[in-house]
Amino acid sequence: MLLGKVIGTVVATRKDERLEGVKFLIVRNVGLKADMVNGFAVAVDAVGAGIGEMVLYATGSAARQTALTKDRPADAIIMAIVDSWDLEGRIIFQKE
Amino acid sequence: MLLGKVIGTVVATRKDERLEGVKFLIVRNVGLKADMVNGFAVAVDAVGAGIGEMVLYATGSAARQTALTKDRPADAIIMAIVDSWDLEGRIIFQKE
Amino acid sequence: MLLGKVIGTVVATRKDERLEGVKFLIVRNVGLKADMVNGFAVAVDAVGAGIGEMVLYATGSAARQTALTKDRPADAIIMAIVDSWDLEGRIIFQKE
Amino acid sequence: MLLGKVIGTVVATRKDERLEGVKFLIVRNVGLKADMVNGFAVAVDAVGAGIGEMVLYATGSAARQTALTKDRPADAIIMAIVDSWDLEGRIIFQKE
Amino acid sequence: MLLGKVIGTVVATRKDERLEGVKFLIVRNVGLKADMVNGFAVAVDAVGAGIGEMVLYATGSAARQTALTKDRPADAIIMAIVDSWDLEGRIIFQKE
């Protein structure tokens, strides 16, 4: 999984029928120090993430292992909202 | 998923039999500011996208999760046409 | 899928038993202007491609979605021979 | 698989229900000389790895081939703790 | 698939139970001219490859399409030992 920050939303009314009711969020990649780094993905939201939240997202077939996304043509999913992470015992990020 | 813009078409009459009737579009990658960036893919069109349209495309096994592409040797699919996206509440792209 | 040009052949007599009878071709990546770019793959040939031919190849599990490659340990397949492609209506490549 | 060193932990209480009880570790990529290199992943721990341990991790659908991760939306897994590796007969890394 | 040269071995006694009896080899990526290039992988050996041998390896779910690796958490496999390859008719590599 990768660390990311939710920074936006994509609206798409014309889409494959299996994607009805799915919400697409824009996730910017985040580095170990909680800094924004290059790279982003548009991911299906499986956990009700909001703009500005730090999340974990998975790509590839993992994106279809939730009740919401089974058998749907999606390749990225937000599967967790991050509370905190530490590096060698030191807290780097803590959700407010 | 990635953001892309449809910029061309690939014609291929000699192909694996499971790909009969499938349309291949060339999708150029697009950045968060709706700018063209490096990278492109040839993707199967599942939504009737036209040249110049902004789309979402998925890669890997996700490409076979539509009625059109099930069990076919394809690894990229256009699964949605983008109406708009926003970054932290500000509209970045809006379909005309 | 990616655009590629067939530039060579790999011979491998000692291989996993499920790969008997499979032909491995070397495919060099090709850019939108039909120029050679960095990157290559060794792909299973599903369409009888010859040296010098422009092809489409798919990677990942897509490589096992043909009668030839089902259940075989292959991760790249040539699934189409390209006749032509255009960018915004202008022909870029046309097979002779 | 890739070589990595476990350097941290991610806490996420709000997550897809199929991820209950799963532990997320931060794995920094390691080069052939046991040096830290660019790149990291957040991976599910299948072997009880601790901070500072050298591990092997697998990505993609491989991440769901353990009793712990079957059918869960995860795309990276620590599946082995490294005791040692050698390059052309010379020991490069040896667990203390 | 990618071309690689076997340059080392990884020993890991503590691992997921489904990986018992599997041998992990370090494969350095090789370019079209048989030169060492950046990048390496730790791959399961399905063909009895030895140190110094030129091989083909596959990544992703392809790594589980052998009798040895079915349902195991592995994402890279050596599935062939290379005898030779040619580029446009000229032999580039030939096994001694």
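Quick notes on this one:
Note that the chains take the letters A, B, C, D and E in the order they are written out, and that residue 1 is the start of every chain.
As a working rule, contacts are C-beta pairs under 8 Å (C-beta built on N, C-alpha and C of every residue); 3 or more make two chains touch, one makes a residue touch a chain.
If you're wondering where the values come from, they're calculated on a predicted model, not measured in any experiment.
Between the Cα centres of chain A and chain D there is a gap of 20 Å. Between the Cα centres of chain B and chain E there is a gap of 33 Å. Touching two or more other chains at once are residues 59-61, 63 of chain D. Viewed as a contact network, the protein chains form a single closed ring in which every chain touches exactly two others. Here the chains make one closed ring, and walking it from chain C through chain E gives C, E, D, A, B.
The part of chain A that touches chain D in the complex is made up of residues 1-3, 32, 46-48, 56, 58-63, 65-66, 77, 79-89, 92. If you check the complex, the residues on chain D that touch chain A are 7-16, 18-19, 24, 26, 28, 40-43, 51-52, 59-61, 63-64, 71-76.
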